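Each remark here refers to the structure printed beneath this line.
Chain nomenclature is as follows: A, B, C and D, assigned in order of appearance, with residue numbering initiated at 1 for each chain independently.
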Amino acid sequence: MVTDWLIHAGLVALYLFLAMVIGLLFMGIARKITARIQNRVGPPIYQNFLDLGKLLAKKTNIKHNWIFDFAPLFGLGGVLLILAYLPMGGYIMLSGQGDLILLLYILAIPALGFALGSGASGNPNAGVGVMRALTLMLSYEMPFLIVILSLMIFYNTASLSVLLQKQMNYLWGIAALPISALAADIALQGMMAEKPFDIPIAPHEIASGPLVEFGGKYLGLLMLYSAGSIVVETSLFVDLFLGGGIVLNPTVYGTLAYFVNYLVWLALIFVVWMIAIFVNAVFPRFRIEQAFKFYWKWPTVIAIAGLVQAYVMSVFLGVVP
Amino acid sequence: MKAEQIFKELGLEFEKLKVKGNTLPRYKAEVKPEKLEEAIIKFKSNGFNHFVALSCIDWIKDEKFELVYHLFSYKEKEDVFLSIFLPRKEPKYKTLRHLFPQIETYEREIHEMFGVEFEGNDRLGEFILEDWDDMPPMRKDFDTVAYAKKKYESVPLIDEGGEKE
Amino acid sequence: MNENPLPSIIPDKEWKKIQRMLSKRSLWMIHFCTGCGAMEMPPVMTSRYDMERFGIIPMATPRQADLLLVTGYVATKTLKRIVRVYEQMQDPKYVIAFGSCPINGGIYWDSYNIIKRLDKYIPVDMYIAGCMPRPEAIMDAFLKLMKDIDEGKANGWMRYRKYYDQYRRNQMRIFKRWDE
Amino acid sequence: MDALTLFGIFVLLPLVGALVSYFGKKYAPIIAVIFTGISGIFLYLWYGNFGSYTIDIGVKLNLTFDITTWFFMLMMNTVIFSSLLFSVSSKLKRAGGFATLMLLGFAGANGVLLARDFLSLYLFWELMSWSIYLLVLRTSGEYARRYLLFGVLSAYLLIMGIGIIYYYTGSFLYADALSGAIPHAIWPWILTFLILGFGIKMAIVPFHVWAPYAYSSEQPFVAFLSGGLSKLGAFGIFMSMYSIAGISLLQSFGTFRGVSLMGYPFALLGAATAFIGTILAIFQDDIRKLLAYSSIGQLGYVMIGLGLGTPLAIGGAMFHAFNHAFFKSLLFLGAGAVIYRTGKYKISEMGGLGYRMPFTFMFVLFAIFALAGIPLTSGFISKWMLYEAAISRKFVIVAPLMLIASVGAYLYSYRILYGVFLGQLKDEDKNVKEAPGPMLAAMFILMVPLVIFSIVPGWILGWINKILVENGIGKLNYTTFSYSSAIGGANMAVFWIAFILLLIFAMLMFMAKKARVVDQYDNYLAGEAPPSVALHAAHNYYKPLRDTWAPLLKHSIDRAYEKFSKFFAGGFYEIKRIYTGNPQDYAAYLGIAFLAFLLVGWWLLW
């Protein structure tokens, strides 16, 4: 029993490491594509690895107090925890042990740890930045939670692994609930804090908000945290709506299926990331009131429409996937 | 009400400045220091409610500072310069910031750059310059080249061997 | 400011070379636009010259940055802020001074509140001459700085730590109070 | 164990304690702590032997000691024990009176939990309400009057319900209520009166107005009031819905996807309470008011669980009431420790206390994790059960309100953390010391169960399951480390192992290099020198949010009550004018009254 537990742990570690590498790669690709949209040459794709290396190799690191260390610890640890609970490429890591509601609350651990660390830096810019981040969170959570509710009601399950199973057997989420998928993608833009919603990390207004006092190894680990959260948010969307990239049934094809599903999953999260990046490259930044009013108007209406559709299909038409 | 008429009512002799180009009409009058406030109040209540600038001229040869209060009227579209002369030794005058709030800033600058004392303005002190230790720099008898050489050339270069120059 | 001493045990030259390569390839810049040089930065960032292809991106705070750009004349008031920002940056850090004003005071050679030579107060790794250098000159300066870093010549930050007391004495000659 | 020992230990002992501690001037809290400790030990010993007894003290009281009562008494006892332990070192004025009233309230609460007939329920309910009124009176008469108004309203509603039952069944026993004498159509009235009567104690939205004022009195008492006594409301609603009326009777009013139509409107009321309580809590600057509105919001969750009525929902409500008892009193005690040390109430005036009071900060941080439902604490499991209950039965109105309210909880909890503990330390708080020993001990006691039941949820789910089975509501499926429902489940052991391993990995990555500590003034302020006064961004913290909510925030329930009371005040003022004060008028009134009687008498006779 211990051996397959070790294999399982090894595989989880491999998947987490791959997720981090993909995250950094995606940040590099995003900078390259944004540069090309602005008719610039843009940095090499592996630029973020160099930045990470430089940050970790800094000779002096500044810290304010012991609460300041919460940010990198909870940030990195928390994001790895979320990645462990998120099926990647059909490989159900821990999501068999925890359902979507647990995942929603684990999403808050790194965010809260990061907020504590930046609050402890004593810089008023950081306090304002965290306030904006929490207000933005309240705004995009409204459509996002309604979308997740409609998925749970339609597929009649709250466990992510069962949801993947049902999407494989029946219909992908995006085919069954297209309206909810649209609302989820709009909410995703705010969740990833991509422009027009990069209000918390606004370099021009509040000197990069919560990150104002982080440098050196702190900023390096927080870069790993943001790389991880890119993979988390994109693969959350893929798992909920695009069947988690499962094309070949693992029980039938065995380990080959895991490779193919992983590649399909990678392609799908790349597509979702590209949507976010293209929107990011061309939009200016909203003010926080505009972002709040925006999210509680149209995306919420779309999400409610998706909820009504899911409710009608599952209760009245008796469609059970 | 026209500027000339106000000057007549105040009994000030004024001159109409001849300026090249089609500028708006400009009048200049020299006022006794104690009568200045009353003149400004009169102008202010008759349309000249825009205080443009307060400037100080250093007449070093006849040992006098000239404070020029520049008013403008949007209705009449006319400029008025009321100026007073202060002795150069200890220039002292009362503050007029209660008439126009922005006068306080001009007074702070003139105090720092020329050394004119304005009683009643409690915010004089350090304003633009930082840790200034010499005479007010805008006065004509201040030698800026000598000061620059004394203050900045004398700072030694950092050198591994120790102090140089 | 007692930085922890230089890490004495650097395992080998290889590690230092890698470290220099990394800090060369990802110079994060904080831009202290003191004078008229600020206008030269947008062309360097945008599509015509694009400094980001060398990994140089503008950052908002000194904590995150390792390259300080002083672009223009430095008044005594500004010098106090520049020194404070420079000290909040983390090692290894580099300074580039734009234009002739930081070199010898430029057109303000006789002014009473412009410092004449930035090098006396904070260690400058690279000067760019010109009464506001064109973007080509700035790009050339970036590349030269990267070459210096690679060869280990750009060690202004080591000089600042080694001769900290001399730098502090020079700074105190210009302004008397530090905490204001 | 017979009736006298049960009644003696849980009701008489606190009363005696109240008497004794009145004379123990300075040592009163310590005496009170000893008394509550004794009853706590007995509570622990008597876990096994339950039973129901009757005792005759002039009037016949029926007492039952079963698992439900034990569960609620466990909360009540722990909370009052730690509150009194906290008040040992908080130098209250007239500490004797404080300890007496607290023990009186405790005796009343125990009586309410033990009572199985309406008479003793009402007797102890009044004893408890009066002790709260007097305790709130210690701070300010105006707040006490507001509480009294709602306390009296709740007493009247209870009497109405009890009266109707007594009119039909002729007896006060809970069990007799189901004897069929009560016609079916009357039950909705009885239940509405009872639920609203108990709901006032839980500060459900229309009746929540007294809570922010009553929660602004002394912190140790408020911890007991909001942590312990508000659970009496939950207990009362649970008893009236599920043991007096019984689940079958509720279902008989028609069910809507497995949930009784009788209970569903109360679930909606609970959802509204959760949403309004949370939104109002976000904008409060006074830490006590913020915690008060957050308490109202959290009790809204309990109301949702009790309203829905499925086994998972009620189990979730019980577990949430348990968690709320601990993390809310922990929060109030944490706030009390901060107020004791700095004497300030406004969040924007404090700042940076986390560096001076690290233990208090860690306790409040832990309570915030429990409040927000982060899986590191048992707070998550209760919220998870409530969500599963609502989502598995496809309730599309209750579920979004709950989810949004829980996200709103992050906002006001960070406002406390940042405003009070983080940011820059102000000069006057420079030498604030850590809270004294007894306070930290009290807070530690409240933190322990939140940790244990998050690692091993099986124990408490066992108790709750026993409660549900005993009242015939159904059962939960759980194991010692994991729990599951129809549509999902979670294993806390796996979660904790994964979290600790990954945290250690992050620690290894992080500890590679040493970092130099810098004081709070070495901050990047665009090169400017740090100003002499500490900068703190906590003033008017959620201003953008408040601007967007402004149209909604205009209508406030408090002002509605004020307008309502002004309307009556005008009327009463008119009546007052009759008492002019001079005797002739009174003689005249007598004459007119006599004449009127004569006329009426004459008309009636002829």
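Just so it is clear, a residue touches a chain if its C-beta (ideal position, glycine included) is under 8 Å from a C-beta of that chain, and two chains touch if they have at least 3 such contacts.
This one's a predicted model, so the numbers in the text were calculated from it and none came from an experiment.
With steps allowed only between chains in touch, the distance from chain A over to chain B comes to 2.
Think of each touching pair as a link: the shortest run of links from chain A to chain C has 1 of them. Just to note, of A-D and C-D, the chains joined by more C-beta pairs in contact are A-D. For the pair chain B and chain D, the distance between C-alpha centroids works out to 69 Å. Chain A and chain D, compared by their mean Cα positions, are separated by 36 Å. Averaged C-alpha coordinates give centres for chain C and chain D that are 59 Å from one another. Averaged C-alpha coordinates put the centre of chain B at 39 Å from the centre of chain C.
For chain C, residues touching at least two other chains, in rising order: 3-4, 61, 63, 80, 88. Residue positions 514, 516, 522, 524, 526 of chain D each touch two or more of the other chains. Multi-chain contact residues of chain A, defined as those touching 2 or more other chains: 58, 60-62, 207, 212-213, 216. Chain pairs that touch, as defined above: A-C, A-D, B-C, C-D.
Those residues of chain C that touch chain A in the shared complex are 3-4, 6-7, 18-19, 22-23, 25-26, 28, 46-47, 50, 52-55, 58-61, 63-64, 66, 88, 90-92. Those residues of chain B that touch chain C in the complex are listed here as 129-131, 133-134, 137, 142, 144-145, 147-148, 151-158, 160, 163.
The residues of chain D lying in touch with chain A in their complex are 352, 354-355, 358, 361, 365, 369, 372-376, 380, 383-384, 387-388, 391-392, 394, 396, 399-400, 403-404, 407-408, 410-411, 414, 417-418, 422-424, 482, 485, 487-491, 494-495, 498-499, 502-503, 505-507, 509-510, 512-520, 522-526, 535-538, 541-542, 544-545, 547-548. On the chain D side of its complex with chain C, the touching residues are 514, 516, 522, 524, 526-529. Touching chain D in their complex are the following residues of chain A: 56, 58, 60-67, 69, 72-77, 80-81, 84-85, 94, 97-102, 105-106, 108-109, 112, 115-116, 119-128, 130-132, 134-135, 137-138, 141-142, 145-146, 149, 152-153, 156-159, 162, 207, 212-213, 216-218, 221, 287-289, 292-293, 307, 311, 314-315.
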